[in-house]
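Both of the next two complexes hold chain A, though its partner changes from chain B to chain C.
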Partner chain A sequence: MSDTKPTFLERMQNLDRRILYAILVVFTTVPLFIKTDLPVEPDAYTKALYYRLMTIPQDKTVFLQSDWTVSTRGENAGHMEALLRILMSRKIKFVVYSVGDAQAPGVYREVIRNINLERKEAGLTEYKTWDDYVDLAYFPNAEGTLNAIAFDVRKAFASRRVKDPNTGSDRPAFESPVLSKVQTVGDAGLYMIVTASSTVDRAVERLNERTNLAVMCTGVIGPSALPWYQAGQIKGVAIGLKGVYDMEYMMKYGLNHPDPNKNGRIEVPWAGKEDKSAEPVTEGKTFARGSLYYLSFHFAILLLIIAVILGNVGMFLGRKAERAS
Partner chain B sequence: MINLLAQVPTYNFWRVPPLSGELWLKIGVTLLLCCGIVAFLMNAPTRVRRPVVWFFTFIAGAFYVALWIWPQPVSREPNTLPRDGIEGIGFLLNDIQPRVADVSNILTTILLGLGIYSLLRIHLSKIVKRQADSPFSIVLIVSMLAITLVGYMDWYMREFSVAGKEGKLQEMVNWTPINFAQNLLFDGFLQQMDSAMFSMIAFFILSAAYRAFRIRSVEATVLMASALILMISLLGGIVFAWNHGVANMAAGMHIPLANPEINEAGYLNNLKITSAAGWLRNTLQVPALRAVDFGIGLGALAMGLRLWLGLEKGGVTV
Partner chain C sequence: MVNQQSIDLFNFIKLSCGVLATIGLYSVLYKETKFFRFFEHIFLGLAAGYAMVALWKETLYPQWWLKMVGQLDDKTHLPATPGYWVYIVLLPIGLLGYFVFSKKHNWLSRVPIGIILGLWAGQQVQIWWQTYGPQLYASMQPVFPTTWSSFVKPVTTGAGYTPEQIALINSNIYPSQALNNLIFVVTLLAAFTYFIYSFELKTKFLAGFNRMGRWMLMIGFGAIFGSTVMARFALVIDRMFYIWIEWVTSLQHLSGR
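Up next, the complex of A and B:
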């Protein structure tokens, strides 16, 4: 039995996992109290999404398919909030529903309610159901519903009735100002999918030839959405928390937009697309959930990288010791 | 002349006024009929069940196959009449499609009921037999009943009470104990526990990265190098600083990062993290995923055909 004390590096190779967990908790929670606006270079596909959102004609209705629940709130809530802030600031009407999860309507309603409260506190006009947006709730069968939307959206939503606050009665959704001009899904200003699951694949399969699709998804789903973007079947993507922060950064500084506070410097250039530009969002919050979580995310990923490096250093030291003995 | 009655719904056997007695009667009779059919199928011998299940599977699949291969009407106006039989079938398939989608939505909803029935059967039997872990079953049943009951009461108040109709329940100051209970159960408990469960993955990933992600071969080294570049590319602050460092270095060496004379990016651009990560994504990751998608698509097509034609042993032939 050897009496030699293990070196610091050797001790680091056999860390108790409870210590690792404690470090992770500290690394991810402490930065939540530090508000920073880190400079970033948004991804090209997120720039494409922001450009699309900022150039939707104001008389067009956005179709919003929200297929996420609270398990992915860290990413999707930020997507949804950024999206709603952009639509509401641009006074664009939207129809929202889910084909992914029965819990999804409860979750997106809470986000809409919170953004409305935020606008009310800021002295901005609230979005009203029926006049500004229509909530069609949940469709359990994604394949069948998306197919029906592709063929005839008026028949697909024909059975859905929405409360008209002006009369207090339930009326067919297509009588609302939001959907009255919509004849086909091709009339949508943009078909947005906020998702944590493969419903993006279903939507591309059924709808990509009929309308313009764009996606906001979790980091896990992101890689499987990129082939659709590369093929031109979806027009823009925001992936994970980086996507949320990229969106918020562009909401603050615009895209290919000269910043008058910085001597006309363009904070977010779009290489190869210099002829296209999008304004920043002019009312309400810009930096929000993404800005709040992004520093924590940095620390968590750095900790992961350090853990991988430490594990491998330990393995090499162990092999070296074996060879020496 | 304008038809002022065009928007008035026409009622027939299949379409009756909402919330009418006739509607509830028809829902009740249909429910009983469906329960009877399900009970018959569950108790029928396999030789009877097999052709029935295969028949309905084939009919459901045949509709979507026909919808896919049959010529579809283009620019059809509401009053357009079909010119021939082929176009007539195209019109018919087009008209039936939303109804089939409705049926598929209803069938998927029935699965939810089936899930509740199955859950109750298993856990009530555990409680009655006082098996091990039966206290957990009690917690599950009580939680499920509580959130269902409170959820319906909250919905009823928001939809049908005077305060709900006037929209007063949108404001928290007007809430009743039921609304607070719903908020506590759904927003306070369910949502937070759901988020907490998902966030636990971070701990397992960290532990796995520390103990299992080891460079034991050339393939593992390539995998780890790619993973590190892609992980770092997610860290906007670090990427921004690194890329600016590269730009400053290029400026110091008087090398333009994008040289308009030779119309290509300077070689130093390759040192940017975004360039390396972009190359990995676009050149390696996306094509690999596309290949996987093709494989999955072909597999799904083969499996779909086997199920549709009743050839799958684990499917309708059981």
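Up next, the complex of A and C:
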């Protein structure tokens, strides 16, 4: 056994993983206290999603299938918040439910409550259940439920009753202003899926020929959702934390929209789609959770790159030394 | 009347429980201890208990029980929707599933499984086409440019083109688009050749194309893995935000700062 002192790289190769975790905690925590809005080039598929959301006719109802829980709050909460801010600023009604997880309704209800609170504090009108949105809670068996929605949405939701605050009684959901004009799922302004699981696959399989689908999903699900986008089966995608920040960035600057504060410069151009533009979001917050997390995200990736380089260089030098001896 | 201080206190207790659970579950990164096990069991128990209540409240009660017994009008308390007692048949069919625990009668558990499999299988033909049909169309992309007037598609905004000229630009395939399409088609075919197991790829071309397919698949898996790693980072960042921002803010609210 060699009694020479290990080199820096050799020591790095044998670094206790707990030290790496501690460094990761520091790298992800410190940037949370630094307020900065980094410039970004949103992905083309997220631009398509933003464009779709900003061009939904205001008399149409959005179907919102929310299939995420607190375990993916780091990505999906930002998606949900950005989506609700856009819908609420555009006064678009929505129906929300889950087909993925029994815990999902509790989580999306908290997001709706928080966004409403945020609007109240900003002096904006709150979204009211029954008049502006209806919450249909959880439907088990994604395959069966989505099949039912595809063939007859009125039958699929027939058993759901929602409290009408005007009368104080529970009434069938389809009597509400949100769903009264909806006959089929094709009447939806957009069918949004916010998910951390393969429920997006189930929805594409059953609904893509009947309505316009769009997806906000985690980085784990994202790669499998992209072929759907490429084939036109879904109209837009926001993936992971990058997707959250992309959305917030476009909410701030618009899409193909000349910024009057920057001498009419277009902050977010859409190459090849110059005829399609969307305004920024004019009320409420734009930069929020995505902006808060994005710098930490860069620091975490920087740490990963450094660790990979150190590990590989150390391994390479170690093998070289072994061969030499 | 609930005052603001009580709300702040409740919020602080709620968030503190979350912080403790987060630290408890992350403590496995240091070492698997009883502290970690305790929170793991709490997590699993809560999830299971919550799912059971949700199953009754949001599934069986509205979708089965109310359909079976009917509903009364909230105000008049007179029957509003009739009950369909035929739904009672679903209960014994579902309960047959529990015969899986009986050595003598476990064949009965195959009845509900058979019904579910039959329903599932019946949907698959249509689902297959809805899933892959559009992807087959989308894979047939033009690989030859229709114009050489410019390598990339010209920007039309503010360039003074007439609507006819814009329509012509949009209908053309420019060399950069054709190149992109070619890369896509070659990647697709190379990946396909990787899955040819029926005969030996003897020619140099096919063997090379097959190797290229393997490389393309590995690059694809690498990109998927990278995306997964980024997703995990986002979750860690959110937990740090929960502890250092949300929990600390609630503590400040409680202490009146």
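Methods note: the second predicted complex is superposed on the first by the 322 of 325 C-alpha atoms of A that agree within 3 Å, B and C clash if a C-alpha of one lies under 4 Å from a C-alpha of the other, contacts with A are read in each partner's own complex, and residues count from 1 in each chain.
Going forward, a contact is a pair of C-beta atoms (placed from the backbone, for glycine too) under 8 Å apart; a residue touches a chain by one contact, two chains touch by 3 or more.
What you see is a predicted model, and the numbers here were worked out from it, not measured in a lab.
A.B. asks: Quick check on the superposition: with chain A as the shared anchor, is it clash or fit for chain B versus chain C?
C.D. replies: clash
A.B. asks: Go through the superposed model and pick first if A:Asn208 touches only chain B, second if only chain C, both, or neither.
C.D. replies: It touches chain C, and chain B stays clear.
A.B. asks: Figure out whether A:Pro223 sits in contact with chain B (first) or chain C (second), or with both, or with neither.
C.D. replies: It touches chain B and chain C both.
A.B. asks: Is A:Thr46 in contact with chain B, with chain C, with both, or with neither (first, second, both, neither)?
C.D. replies: The answer is neither, since A:Thr46 touches no partner chain.
A.B. asks: Would you sort A:Tyr293 into first (chain B), second (chain C), both or neither based on which partner it touches?
C.D. replies: It touches chain C, and chain B stays clear.
A.B. asks: Name the contact category of A:Tyr21: first (chain B only), second (chain C only), both, or neither.
C.D. replies: After superposing on A, A:Tyr21 lies in contact with both chain B and chain C.
A.B. asks: Look at A:Gly74 in the shared chain and tell me whether it touches chain B only, chain C only, both, or neither; answer first, second, both or neither.
C.D. replies: In the superposed model, A:Gly74 contacts both chain B and chain C.
A.B. asks: Once the structures are superposed on A, label A:Glu110 by its partner contacts, choosing first (chain B), second (chain C), both or neither.
C.D. replies: After superposition on chain A, A:Glu110 lies in contact with chain B alone.
A.B. asks: Please work out whether A:Leu302 is in contact with chain B alone, chain C alone, both, or neither, and reply first, second, both or neither.
C.D. replies: A:Leu302 contacts chain B only, not chain C.
A.B. asks: In the overlaid three-chain picture, which partner chain does A:Glu143 touch, first (chain B) or second (chain C), both, or neither?
C.D. replies: A:Glu143: touches chain B and chain C.
A.B. asks: Pick the chain B stretch that clashes with chain C in the superposition, from 114-122, 204-212, 240-248 or 258-266.
C.D. replies: 258-266
A.B. asks: List the residues of chain A that touch chain B in one complex and chain C in the other.
C.D. replies: 17, 21, 24, 28, 71-74, 102, 139-140, 143-144, 147, 159, 161, 170, 219, 223, 227, 230, 240-242, 297, 300-301, 304
A.B. asks: For the complex, give me every residue of chain C touching chain A.
C.D. replies: For chain C paired with chain A, touching residues are 29-30, 47, 50-51, 54-55, 58-59, 62-63, 66-67, 74-75, 119-120, 123, 127, 130-131, 134-135, 137-138, 153, 155-157, 166, 220, 223-224, 227-231, 233-241, 244-245.
A.B. asks: Hey, which residues of chain A end up touching chain B in the complex?
C.D. replies: 15, 17, 20-21, 24, 28, 38-41, 44, 69-74, 102, 106-107, 110, 113, 139-141, 143-145, 147-148, 151-152, 155-156, 158-159, 161, 165, 168, 170, 219, 223-224, 226-227, 230, 240-242, 245-246, 294-295, 297-298, 300-305, 307-308, 310-312, 315
A.B. asks: Going by the contact rule at the top, pick out the chain A residues touching chain C in the complex.
C.D. replies: 17-18, 21, 24-25, 28-29, 32-33, 71-75, 77, 102-103, 105, 137-140, 143-144, 147, 159-161, 169-170, 201, 204-206, 208-209, 218-220, 222-223, 227, 230-233, 239-242, 256, 271-272, 274-275, 292-293, 296-297, 300-301, 304
A.B. asks: Mind pulling up the chain B residues that touch chain A in the complex?
C.D. replies: Chain B reaches chain A through residues 18, 64, 67, 94, 97-98, 100-102, 104-105, 107-109, 111-112, 165, 167, 170, 186-187, 190-192, 194-195, 197-199, 202-203, 205-207, 209-216, 224, 228, 231-232, 234-240, 243, 274, 278, 281-282, 285-286, 289-290, 293.
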